[in-house]
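Dropping a structure here in structure tokens format, bear with me for questions.
Note that the chains are named A, B and C in the order they appear, and that numbering of residues resets to 1 at the start of each chain.
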Amino acid sequence: MTKLVDMSGIEKHFPGVHALKSVQFDLVPGEVHALMGENGAGKSTLMKILSGIYQRDGGTLQIEGRDANPTSPREAQALGIGIIHQELSLMNDLTVAQNIFIGREPRKRFGRLNDVALNAQTAEIFASMNLSLDPRAQVGSLTIAKQQMVEIAKALSFRSRVLIMDEPTAALNDAEIAELFVIIRRLKAEGVGIVYISHKMDELKQIADRVTVMRDGEYVGTVDAAATPISQIIAMMVGREVKEEPLVPPDLSDAEVSLEVTGLCRGHEIRDVSFSVLKGEILGFAGLMGAGRTEVARAIFGADPKDSGEIRVHGQVVSIRTPSDAVKAGIGYLSEDRKHFGLATGMSVRDNVALASMDMFTGRVGVLNDGEISTTAKGYITQLGIRTPSDTQEVRLLSGGNQQKVVIAKWLLRDCDILIFDEPTRGIDVGAKSEIYKLLEELAGQGKTIIVISSELPEIMRLSHRIAVMCEGRLTGILAGGKYTTQEDIMHLATQRVAAMQVTGTAQ
Amino acid sequence: MLTRRFILGALSAASLSIPATMSSAEDIYIPLVSKGFQHQFWQAVKSGAEQAAEEYGVTITFEGPDNETMVDRQIDMLAAALANNPKAIGFAALDSQAAIPLLKQADEKGIPIIAFDSGVDSDIPVSTATTDNQAAAALAADKMAEMIGGKGKVAVVAHDQTSRTGIDRRDGFVNRIAEKYPDIEVVTVQYGQGDHLKSTEVTKAILTANPDLNGIFGTNEGSAIGVVNGVQELGTEGLVIIGYDSGKAQKDAIKSGLMAGAITQNPVGIGYETVKAAVAAMKGEEVPALIDTGFYYYDASNIDDPKIAAVLYD
Amino acid sequence: MTSATDIEKKTPLAGLSESGAYQKLLAFASLIALLIGFSIASPNFMQTSNMIAILQATSVNGVLAVAATLVIITGGIDLSVGTLMTFCAVIAGVVLTYLGMPLLLGVAAAIVAGAFCGLCSGTFVAKMKIPPFIATLGMMLILKGLSLVISGTRPIYFNDTPGFDQISRGSLIGEVFPALPIPNGVLILFLVAIAASYILGRTVLGRYTFALGSNEEAVRLSGVNTDLWKMRIYALAGGICGIGGILIASRLNSAQPALGLGYELEAIAAVVIGGTSLSGGRGTILGTLIGALIMAVLTNGLRVLSVAQEWQTVVTGAIIILAVYADMARRRKTG
């Protein structure tokens, strides 16, 4: 059988970096080949070479047995290579069909658009994917999963034989992931080769046939997905074994309640949510995408207005209308989307650390003491193990894990004793993840109150002393952490929909 | 990374080649700093100045700010003109006061100043070449009165409420009506900045508010064309329109009967007389303090008259 | 340990913070190149009096550009700087000429009026969530109209306020060093620039100015009252425009109520030539100052060379595009 893709000895240099060192990769028709590695291992660079975005400095690239040298994404498309980027590149205000055929719309004479043909051709592609989606639907109105399908349809519309998917499930919930996998299996059956980049180990087992691991721009090895234990793959990725120990929740029976939320409501998104967290406790928030966990966090923090509900901090009722009120009450929020909501990425590490606490460094007439800011920031860089050349480094140049640590430092400095972490390890690679976990445990140990929102059940299981589960805006139950609760228990609560809740339903 | 440096280098090199063709050291150099540049009127002044420059064998430059509110930009231009050590300067002040320090500086250096278009409130300029705008606008008022039969309502679309010419033409017209024609009422004076489009809107608003209007006076080229456009867009008929200055659009409107007539200054003459006076002053000859460059009323009957045609511009 | 080397690789240009200095150096080099080019081209260009004329031509646009820089770094835009300048000049005229108040009071009134108008723009942007382009466009027209209304559409002259014209035209430096009669207007520009630079670099307000432009939502979620800080920045910019109003009124010895439209675009041009990003988060006052000087040198130089006015405009436009392009190209390489 001819290989769809055969890359060998690929070299790539960037100024000052040897990004790829003699890397090899191949893909045969009808297989899902997972490409794994920590962030910065060179996966994306390799795939950008394959899809014509970068040019290789050395090595050979064969597409279906012929030497190829795509110098632009357009040429790669012509060779049958489609790529679906992690960040979807769709135009929200256009329809599904317009997005798929952007730049090559069917035309009538005199440059008039042929919308009938456009929609018909789109419907055809959807039919071939066995996907029911209206070509005239506006992309912005679709769920992320459906948008992903549109991206796949777009790639297929170029008659792609090779499909590269970069973290396709990052924003999907389990049901949507299942949907995506159905599509992937169908594509496989039609002989399409799929390169699958992901950090999620459980997915590999479900979908991948082979796994290639890269580390530091080098090829580590290719193994059979089904036959290789996950721990071995992780070991290949990080160059060491990462051990996961079962959690033993500490005894907090004497601890005081530090945060108590009662009757929190906001529109359809949050419906009568009440819970409390103890000093030194880690409370996990589990649930599917759209269950309302982030909304609860933002409402508590004052980032969004709430309709009703009472928040008590250390027994005192506090009125929180803006994030600034919440910070005064000692609550910090670490958003799931660090780049948009957590960091001023163009600014230095030290400025980001000090961002919430500028008044600590301000003398009379608002003059800043930069020396003190620097000293403080350096202290946190050491304490949290933030890997950065200096405290004046721009944050955007740090890796995801280190960026997260900068956000944590910001809140520690502000002396917030209640910290809400929303997806704390999203986009962070395996090695750095366990460091973040350790950090959260240390913080709880020091008496901080921690709330962790996560869509990854293993993460919830790994961290939470207690687990609150939400579904469709309601808190459907709070489970004990540790070995007494199984993932199945959580999923049961997370899917407990309105019908089952009617008896206790209280919305408006 | 050398891009910008390279480009700037190339640019300076390019600019080097330009002045070589513009002036040589032997030339007598007279810069004219005008009030405007883009309008046909100023281009006509420029052509008159160039005509005189050729006759007298001098080199001129002609510059003016983008619009007549940019007083400080005009002063920067005057400063740059002074830097070149000219033999004389022609200057049409947007605001006399603002220019006085620089005029004094020129005076100290012994550079004679010829004011043109509108006067400079100072005794530094040795001569002023200008139109008597008040008298010209009064003539427009007389013609208006004659054509609407000595009674009725008229309006003024003026180009500017702050500049000398704007004030003079408005007052010249309004005062003449008030003094001589008690049965004519000036219902409103509106300003369109001499901009065709704004003047059009202003005209339409006036006509909407005063459907029984008999005539409109537009105080410069842009205003007059705006009035014609406004009247055309509304389809109003029987209105007497009197304009000011010329330009192709205004000439066409007069020929087609849309516009009754217009006052024309002699912009070519203004430019010509300015340079002529500058050359004379430079040589130490006697120059009259005021050079009246004249004005005419023209309509369809005399528009092709050689005497009129000579001062009109397209 | 792999990750340590990882970091090294992901941040190959550890000296990236130097790129700011490099950018200024580049802009400065361009300025010097222009000066040298024009000096060679015309013997009349490099005279003290002409250099002073250039500086004086920079003073008003420079002050407005400094104000615009502050707002642009927050990721906003201020289209009202030109007409706000005029409005403040008119206010000074009313206070000094119509009311006959003492000089200092007139100056203070102009700056306070500017800060107040800036605060209004800031309120529209921060509290009412009107996009800065729209809010300041509205403000631009409101102020133009108000200037005409308050002044009665006539220029207000300052003949009755002795010393007013000295604010811009006089020369304190010239009194000490007679060979260097640099007008006070230029001195004031540099003082304003130094103050603004200090505020941007060393104060909370400045730090938040960059932070807002870098990621406003992150700053808000850090518990910072972003609305309040934004309003303060607009107010500061407004106050600086007030100084610009004093400068131009003093230079013309009159408040010209119809002036001001178009000045905002020249100020913004100076800001972008100086390397400040229109998308916010990046920029320096020194860069803006150099940008304003480049614009002034260019216009003056082309005039001294007697280049036809039509072509002067073409060249200025081309320089703006080239300057920003060079900056972008450099950033793509290092970024």
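Methods note: contacts are C-beta pairs under 8 Å (C-beta built on N, C-alpha and C of every residue); 3 or more make two chains touch, one makes a residue touch a chain.
These numbers come from a predicted model, not from an experiment.
Shared contact partners of chain B and chain C do not exist in this assembly. Taking the mean of each chain's C-alpha atoms as its centre, the chain lying closest to the overall protein C-alpha centroid is C.
Centroids of chain B and chain C (each the mean of its C-alpha atoms) stand 33 Å apart.
Measuring from the averaged C-alpha position of chain A to that of chain C gives a distance of 42 Å. Work out the mean CA point of chain A and of chain B, and you get 67 Å between them. Within the complex formed with chain C, the residues of chain A that make contact are 14-19, 38, 40, 215-217, 238-239, 301, 303, 322-324, 326-328, 332-333, 335, 339-348, 351, 354-356, 358-359, 361-362, 365-368, 370, 387-390, 392-394, 397-399, 402, 410, 414, 431-432. Remark: chain B residues 1, 3-5, 7-9, 11-13, 15-16, 18-19, 22-23, 31, 37, 61-64, 66-67, 69-72, 75-77, 79-85, 95, 97-98, 100-101, 160-162 touch chain C in the complex.
Taken together, the chain C residues at the contact with chain A in this complex read 2-14, 16-17, 202-208, 210-211, 214-215, 217-225, 281-282. Residues 26, 29-30, 33-34, 36-38, 40-42, 44-45, 47, 49-50, 53, 56-57, 60, 148, 153-155, 157, 159, 169, 248, 251-254, 256-262, 299-307, 309, 315, 319, 322-323, 325-327, 329-330, 333 of chain C are the ones that touch chain B when the two sit in their complex.
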